[in-house]
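Sharing a structure, written as structure tokens. Questions coming.
All chains are identified by letter, namely A, B, C and D, in their written order; residue positions are counted from 1 within each chain.
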Amino acid sequence: MQIGFIGLGVMGAPMAANLIAAGHTVHLHRVKESTEHLVEAGGHRAGSAADAAKEADVVILMLPDTPDVEEVLFGTDGVAGALRPGALVIDMSSISPVATRSFAERITGAGGGYLDAPVSGGDVGARAGTLTILAGGTTAAFERATPLLEVLGATITHVGDVGAGQTAKVANQIIVALTIQAVAEGLTFAGAAGVDPAVVREALMGGFASSRILEVHGQRMVDHNYDPGFRIRLHRKDLGLALGSARAMDLPLPHTASAHEFMNAAIAQGLGEADHSALHRVLGNAAGRAAK
Amino acid sequence: MQIGFIGLGVMGAPMAANLIAAGHTVHLHRVKESTEHLVEAGGHRAGSAADAAKEADVVILMLPDTPDVEEVLFGTDGVAGALRPGALVIDMSSISPVATRSFAERITGAGGGYLDAPVSGGDVGARAGTLTILAGGTTAAFERATPLLEVLGATITHVGDVGAGQTAKVANQIIVALTIQAVAEGLTFAGAAGVDPAVVREALMGGFASSRILEVHGQRMVDHNYDPGFRIRLHRKDLGLALGSARAMDLPLPHTASAHEFMNAAIAQGLGEADHSALHRVLGNAAGRAAK
Amino acid sequence: MQIGFIGLGVMGAPMAANLIAAGHTVHLHRVKESTEHLVEAGGHRAGSAADAAKEADVVILMLPDTPDVEEVLFGTDGVAGALRPGALVIDMSSISPVATRSFAERITGAGGGYLDAPVSGGDVGARAGTLTILAGGTTAAFERATPLLEVLGATITHVGDVGAGQTAKVANQIIVALTIQAVAEGLTFAGAAGVDPAVVREALMGGFASSRILEVHGQRMVDHNYDPGFRIRLHRKDLGLALGSARAMDLPLPHTASAHEFMNAAIAQGLGEADHSALHRVLGNAAGRAAK
Amino acid sequence: MQIGFIGLGVMGAPMAANLIAAGHTVHLHRVKESTEHLVEAGGHRAGSAADAAKEADVVILMLPDTPDVEEVLFGTDGVAGALRPGALVIDMSSISPVATRSFAERITGAGGGYLDAPVSGGDVGARAGTLTILAGGTTAAFERATPLLEVLGATITHVGDVGAGQTAKVANQIIVALTIQAVAEGLTFAGAAGVDPAVVREALMGGFASSRILEVHGQRMVDHNYDPGFRIRLHRKDLGLALGSARAMDLPLPHTASAHEFMNAAIAQGLGEADHSALHRVLGNAAGRAAK
């Protein structure tokens, strides 16, 4: 299949590599020195977003934030002006659900198809092709995308109409952020009370407190290992999406709002580029204290 | 072994039954009509806490709150006055870690042994003998208690010195409460944005948002099934223990404090006896809204 | 003086009336039936923002939100295209400090002057000409605007450079929102504990708890008088500005974020158009309860 | 009048001095070197609480916390055992409203009268005899106490039945704490955005944001003057009373709970003995930043 792929960052580059390895013709926008290997592996250089899109059956986007997607789709030399009739845009970035619905309307109005399909699983999942993919769009669009999504991910869910994938991703980021806070407060309490957080983490893994976050991020807190992983600054962006959407719906998300403030505090303390498990530090867990 | 067992409620009664079934001689304090079956199964009636304790090698307590434990141990006709030299008190109630250390000091000062060993796993685990048990005390006390704890639970951890079991239990309750809030805000967000919370819950179970709470309580929220389970009023008590201990340590637990307020709000709205998954309701999820 | 006046709402209309009454030639954009009286009083109809600006020495804006100001200044038939060299734009709307700095740059780049001068004091103050005005801009711009501002307000402060007026207004809205929450929680506590909130309000007015909010909004809470006044929906907009700016500065504003969520909850409960003192209601003060 | 006075701390000592100066016979419990001047001024030494009470028409207490009042009233050599029939206990400490009702019941059961009459106004007000006094009890008790209260305070309110004084004091402490947070977040926002907090404070004093806290504590924040004043550790105690009572009433006090956590954080950062305006520091206002 002819694929345009735009956004060759930490996530996008290995995803594009997997599509090339699966035998697709992939037109790559913005090949840099660090992604030159994708061309060596058989990818094609495209001079612009339009250029990546013009022969494509499917255009995949993997970009940092809402304005980046808007620019690539509708800016100068953007995808929208070059898209073949009936071609499908799959936006795998994590962006605003509200903006997604508006982008989809403009693309479908111009004769294209649109699927939002944000992912979780990190760069490890991107390389291994085991991402969790949350897709929103028509059944036709989802079915058409499925063979490609199966190259990229292991758990693929058609969550609902266009925007539903982004909504589910935001829900995911809310739950992950607050579960990190949960584990941070629980283990900090134990440590401050003189009980070894490592033992508590282990003991609680069998019961109702068990979670992937307790397992993975709890271990990071115990080890004071804050190398990203997923950076606090990026997670704050996602909670910003949640709170912006919630505001538009008059929906209170009190703990999400509180977690957003703790991310602000963490960033102000110089932890913006640390893994989100470093939220633990805002409660006063310098290495010495938490280590007993 | 001669065992005194004090506290025959929803949890205590099936635990006592398991000890009787394992062949121990169990002296039961406060047999009521609803627990008469324990006598039929071979348990012995005791007229007071002292009476339950006087021949016991081990006295097990399973009581609602800190003052109940204090009364049973040190009140009129209490355990402390009747305890045989060298007998072991195992407090399996969930109470204050600080009070626990003081109770243990008084019991050991009087020649007894003390182990705090609160549990999680609910009445289902109590009946099945599969509780998670978090024990605090000396290695000698823990080893002596182990054969009995193995009758009652499946995962048994010696967390640390006396009080450490209660501390770990509090940490557990913090994490469980905040993870419920996490799932509540995530699924509420999805539902309010028009995406089916049931599908989102399912889709997220594969990734970093996965937890026992998402699995079990998430399903309850989807189904609007708030039959307890674990009551909000009791969970609030546990967060009260957390916040009281944290205050004594000058430790900020901001999200725990917030969750405590939401439990207050839930109780004020008449949800005190509902399962803690009903915290979901405080965000405005009447049956209609969350059900789409 | 020749004045263009754009934005004839609840605040803008009486402000324009005061300028006309002070003898200025005022070009009014968007005269509706409800503001026809301004023309009868001597105001001049303008067909567009450009039309209001083209002969003006000073153009005053009093608009709802940031995008409205952007549209009026830089949209089709906007102020920017018609502004005379050296004319001064005074934006008295409450909008984003960050956007303000960018608007000012564009206007000054085109040869105009710019002063941000948001107000507090409500429609009562607008009619009486007793507004509190918080101005940001060069000393030259402030001095030039002063004679007009003195027609409109009683307390006029040159807070700092361009944007400083908006920043001070945001600070004002933060303080007002949180002081309302303060009074709401204090009086609710008293009422719930069986003490008359009216007596408590009166007793506390002499001490450190005294504030304009306790005096005015406290009385509203006592009386269950929630006619606006200043609407919760508008106050939420202002806290949204605060949180957006804070995010850009990595600044934690935890109580502001919490108050924003309570405004969301109030709006979800149908109180969006009520006076902000109705935040009191979110704590459970239905008429019956707070009235004892 | 014969007065027993128990509690000669920073507040109690000058209050006792004022009563002596007004011509009363004052029996002083626990005269220390630092309060020897009260004896020189005509006060009488009492060897115990009972000794201070035994000839008194009125016994005044000014003690740190609930357990201190309980001990002095009902402990060994306590007031209750020595109180003359018909004598009046006036508790001017700030303690639990719930405990107050129980203490009053025991004292009246024993034939005495009881008035709770906590104060605000600090040691400055105590010395000057200008305290704000919030009294709870019967009208008879209040009228009997009034001549003495007028020696001690300037604004004296009979708030309601026994406990109502303590309830009003708690409401006061809630409002003061949250208004400090309000001012802290508002001025911090302004400072972080590059606007001088001193100018903003001054500009806002005319409008709806004005309060005693903005005036006094706002100036402290501007000056980084955190000498107490009223210590964060004591204010936390008062919010603890609020939250404990609220819990007993199933009442949510979300911002009070949040402020309590920020006091915990401040104390953990070593600010427990600083004036409560130092809550400002928890948002990151080191001297350098807030000073521009």
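Note that contacts are C-beta pairs under 8 Å (C-beta built on N, C-alpha and C of every residue); 3 or more make two chains touch, one makes a residue touch a chain.
The structure presented is a predicted model; accordingly, all values stated were derived computationally and were not measured.
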{"item": "Per Cα centroids, the chain farthest from chain D", "value": "A"}
{"item": "Interface with more contacting C-beta pairs, comparing A-D to C-D", "value": "C-D"}
{"item": "Where chain C and chain D are represented by their mean Cα positions, the distance between them in whole Å", "value": "38"}
{"item": "Approximate Å spacing (C-alpha centroids) for the pair chain A, chain D", "value": "52"}
{"item": "Multi-partner residues of chain B (each touching 2 or more other chains)", "value": "246, 251-254, 258, 262, 265, 268, 284"}
{"item": "Interfacial residue positions of chain B with respect to chain D in the complex", "value": "236, 240, 243, 246-247, 250-254, 257-258, 260-262, 264-265, 267-268, 272"}
{"item": "Touching residues (chain side chain C, partner chain D) in the complex", "value": "97, 120-121, 132, 134, 136, 154-155, 157, 159-161, 163-164, 167-168, 170-172, 174-179, 181-183, 185-190, 192-196, 199-200, 202-204, 206-214, 216, 242, 245-246, 249, 251-256, 258-259, 262, 283-284"}
{"item": "Residues of chain A defined as touching chain D within the complex", "value": "254, 265, 268, 284"}
